[in-house]
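Below is one structure, written out as structure tokens; comments come after it.
Which chain is which? They are A, B, C and D, in the order written, and residues in each are numbered from 1.
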């Protein structure tokens, strides 16, 4: 298994996830603004999920960049991450169509949480096979940022049934936290 | 972040955008021409959006070709462009299904305008990080053509509520303006 | 414009066309064979279109393989081919859903015909820019096989309103004609 | 035909198959768990099909990795495999939506069986053109594992009308059998 093909396949899946999410915004049959209005929450949900997917794509790149060899465990840890990310169009659509109601917001958080866990597992699988002195190990260490995200998502899931809007606020906060460029890997590589 | 992966991901998203737009042409259940007729405006809208997407793909290639290094800002400026382009299937479908009515034409123009703005931001982000003597800076300068497109789109959006067909005419004109090969970058590279 | 990116983009579009066509086979809600039966003609249509797309992908590869430089004309000739091929899911679905009725069969033929014409234009555009001694010029010459296909498709379109099944028979025949490996380019390269 | 383009195209098709399957999980209009409940079997079916597709992607990589040259026969044997795999979203959706009823389970098995047969044909086509001392020939030999899968799928198809759940159990077992890393090719390469 070469690193390039793992990257190409992951890129393909992520590119399709991003683009397919737009299909949840159903084209209305009327040419009036009224007809577009109900799509607005789906659009907001799409923006969040788009940023979410780009962040994963970006970080995924950094992580795979440090890999020297790919084994079966890394391949499956990567597939596991893609699995959870592939559910994004579904939960994003459900959350948007139901105007950020509690249960859809909760399910969105569960998928975000599991994606975060899967990402963490992928990192640790790579570190385990590349050794504690590997680039990735030195760059992310215990990946505090990843752990914090998972904790925040857990809280968001926990309170979604009562305060779905606070959960949404947490999702946005985690996204912003990741938007701030993460130079750990880049710096270590240099 | 390597330039190659940025290109591959952008190519993937653009290829899916182009192909997914066809899905807005719903297969009719009757085998008669009458059944295909209402799809004709969607088809016209598809032709315009297809050309629109290919132009972006082509210019995107030229711009990325001049890049020497990719940083976080370039990555997000690129994602921002892909975001607006990803809305193309939605606005293209809405415009076609409603026979180029004023509001869908206006929304189409807004997405075209924002794509143009995003493209300009991407160019300026690259020039800023690569310096005023970089290939791109010398090739596009202030990118007058890009600025003219954005101005034309703004006019089209402004008048769409009153003269949607003139707006459509402007969209087609901008496309033709870009169809005429832009040899600035190619010449500068040589 | 590098040849590699032209290939990657075309591959992406063709891969999506192939896979999206399956979506025309709508999943039935009943678990009985009766429910699958009406999908059978769509399935037959899918098989034909799948082979059709693979043939284009394969020949496209051979043609692009001979290219040394890509200019704007080649890029647009290629986009023109992709445009017609992108209509394949629509006409394939319409033909299958209406059990190979005359008008859908005719429209299918028109798209097949225009794809053939677009392919021929692509070949001639490449030959024109690479010279009469280029690999492609020596390999395909006037591309008799391509011309024969276009003629056969024209006949099929012409008679589709009266004998749609004969038109289908012609489509299958052209596919078989291309399935027989075309060693012209391979031989010339060697 | 270069090996790289065969890989890129196959990767593209597989990435789209995986991601398109999610579209079979239709976003419910109600924000309650009741609305998501009927999607659960579709989700289970998706998990199985996702693993199924990743296994093929992984093994496909190993097989193509051993190829030195690509001819028309290999290209078509590969397209034949992609054809059967492209039906996965359809049969996966039908099986899930009908709660693993006998006929959908049977059809799922037929597609799994034919994919297995197509994979075997691809292996043998490569071995035939690369000789009995080729890497692949030495690595997989008669590919007992592939043959066992095909036999198990045949049994599952045969009993699906009477014991669909046992058939499902067989599908899961075959998947687990393949999840256990197959080091034959890797070892032979080394």
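By our rule, a contact is a pair of C-beta atoms (placed from the backbone, for glycine too) under 8 Å apart; a residue touches a chain by one contact, two chains touch by 3 or more.
The shown structure was predicted, so the numbers you read here are calculated from the model rather than taken from an experiment.
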{"item": "Neighbouring chains shared between subunit A and subunit B, ordered by label", "value": "none"}
{"item": "Size of the rotation, in steps of 5 degrees, that lays the CA trace of subunit C over subunit D", "value": "90"}
{"item": "Same vs different contact residues, subunit A with subunit D, by half of numbers used", "value": "different"}
{"item": "Inter-centroid spacing, subunit C versus subunit B (mean Cα positions, whole Å)", "value": "26"}
{"item": "Separation of subunit B from subunit D, taking each centre as the mean of its C-alpha atoms, in whole Å", "value": "37"}
{"item": "Touching two or more other chains - residue numbers and ranges from subunit D", "value": "8, 12, 16, 20, 23"}
{"item": "Overall pattern in which the protein chains touch one another (line/ring/star/complete/other)", "value": "ring"}
{"item": "Residue ranges of subunit D in contact with subunit A within the complex", "value": "7-8, 11-12, 14-16, 18-20, 22-23, 25, 27-33, 36, 47, 50, 54, 57-58, 61-62, 65, 179, 181"}
{"item": "Parts of subunit B lying in touch with subunit A, wherever the complex brings them together", "value": "1-2, 5, 8-9, 12-13, 16-17, 20, 23-24, 71-72, 75-76, 79, 82-83, 86-87, 89-90, 93-94, 97-99, 101-104, 107"}
